[in-house]
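Order of writing sets the labels: A, B, C and D. Residues in every chain begin at 1.
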Amino acid sequence: MVLNDLQQELREFAAQRDWQRFHTPKNLVMALAGEVGELADLFQWLTPEESAAVMTRPEQAERVREEVADVFAYLLQLVDVLEIDLAAALHEKVQQNERRYPVSLAKGRADKYDLLRAEDEDA
Amino acid sequence: MVLNDLQQELREFAAQRDWQRFHTPKNLVMALAGEVGELADLFQWLTPEESAAVMTRPEQAERVREEVADVFAYLLQLVDVLEIDLAAALHEKVQQNERRYPVSLAKGRADKYDLLRAEDEDA
Amino acid sequence: MVLNDLQQELREFAAQRDWQRFHTPKNLVMALAGEVGELADLFQWLTPEESAAVMTRPEQAERVREEVADVFAYLLQLVDVLEIDLAAALHEKVQQNERRYPVSLAKGRADKYDLLRAEDEDA
Amino acid sequence: MVLNDLQQELREFAAQRDWQRFHTPKNLVMALAGEVGELADLFQWLTPEESAAVMTRPEQAERVREEVADVFAYLLQLVDVLEIDLAAALHEKVQQNERRYPVSLAKGRADKYDLLRAEDEDA
């Protein structure tokens, strides 16, 4: 299992450094927010087109690659301490979204599901 | 491959709704920031102890589970459009961190690697 | 007016560098997310007590001071391009919250207003 | 003083509800991250042009106005507990940026100051 292997690798890394005591869920959420902020920093001034081409510029590509790895690392450590099965949680969420965003209502629209429903009931 | 399967599931979900055109890397980073914000919102007033017990309260547990799924969904879609192999990127990052945070310097300390190095050189 | 003076200072700074073209509302929100991420990074591993004492440690204090200034700078530039009167918007929000969080229901509790109301109606 | 007046208003609001005990710097930073996430959520799928026109759509305008007020509220409460003079901190930061981003180097470019300097020294 890929996710479990990665979590195991992160768990050992933290245990060797005696870092688990910093890893409360609250602290890990905050660390995740910090890393997503670094990712936002890389994209903030880019046009949509520049953002789509970011991986063709080696220096930017390397930083983006590092930041998504950092985000993933904290997400995996967070679900590890929370004992959440991340793949299962995502699979359930997709199924919930299949119900919330039926193709007939959501096609081509970026609106939230409650707005889609409200408009559908008005019609 | 678990990550590929989840990405395929998300890709089909977006394609059926004609949502790929919203999914520039920039927009996906911003969506990721939005979801991490929702996760922060769930933990912001909790003590460290309350945060460690969050999954024992069913209503909170359900919301946390949904939010980590949302974060993961946008992260997977982001690396999909960027064509980054997330597991490989994380594995490389852990190896980089093995060098940056040697156990002898980092044990029990939450300092950044540049600070650890600077202090080590001073010593 | 203090806020206007600060906004004027930021406006001139950006105009001299021909940076206004980067300052779409979307980009400024993303820059704000980036700076709040840096602030989160400074606090992520601190205990509640350490966070309360952060300004007594000169190096940390300086970084916190810089980051809150960055957050404020992007917030002021954002409301400038959106033509929102920030002081008025905040004053209205406080008045709305006076209604949403009556002292009798909200005292000592960190719950959202919809939860407070639901419980009050159940009682 | 406008900022002081707003802080006083927020201080009274919190004191009446016995909420100051939730307001450690760490918690307020996390609350700030949560509100910036909600702001990101409002802008994530907008094109640059749509983001520039967001205040012409009354329902979106109202939500943006509320979210910037929330961000400002937590920022003011954060600097209040940290005893940072926000206007002074911003003014100093602008002066620092005047030195870091000289017009001759920074004009029309969104690069970080260390990159500007490195290129200037190479030239």
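Note that in this section a contact is a pair of C-beta atoms (placed from the backbone, for glycine too) under 8 Å apart; a residue touches a chain by one contact, two chains touch by 3 or more.
Note that the structure is predicted; figures quoted are calculated from it, not measured.
Identify, among A-D, B-D or A-B, the interface equivalent of B-C, where equivalent means over half of the contact pairs coincide by residue number.
A-D
Quick check: more C-beta contact pairs at A-D or at C-D?
Between A-D and C-D, the larger count of C-beta pairs in contact belongs to C-D.
How many angstrom lie between the centres of subunit C and subunit D, each centre taken as the mean Cα position?
From the centre of subunit C to the centre of subunit D is 5 Å.
How many angstrom between the C-alpha centroids of subunit D and subunit A?
Using C-alpha averages as centres, the distance is 23 Å.
Multi-chain contacts in subunit D: which residues touch at least two other chains?
22, 26-27, 29-30, 33, 36-37, 40, 43, 45, 48, 110
Provide the residue numbers of subunit A that touch subunit D in the complex, in ascending order.
These residues of subunit A touch subunit D: 26, 29-30, 33, 45, 47-48, 110.
Mind pulling up the subunit A residues that touch subunit B in the complex?
Residues in contact with subunit B: 1-3, 6, 9-10, 13, 16-19, 22, 24-27, 29-30, 32-33, 36-37, 39-40, 42-43, 46, 48, 51-52, 54-55, 64-66, 68-73, 75-76, 78-79, 81-84, 86-87, 89-94, 96-98, 101, 103, 106-108, 110.
Using the touch rule from the top, collect the residues of subunit D that touch subunit B in their complex.
Against subunit B, the touching part of subunit D is residues 22, 27, 30-31, 33-38, 40-41, 43-45.
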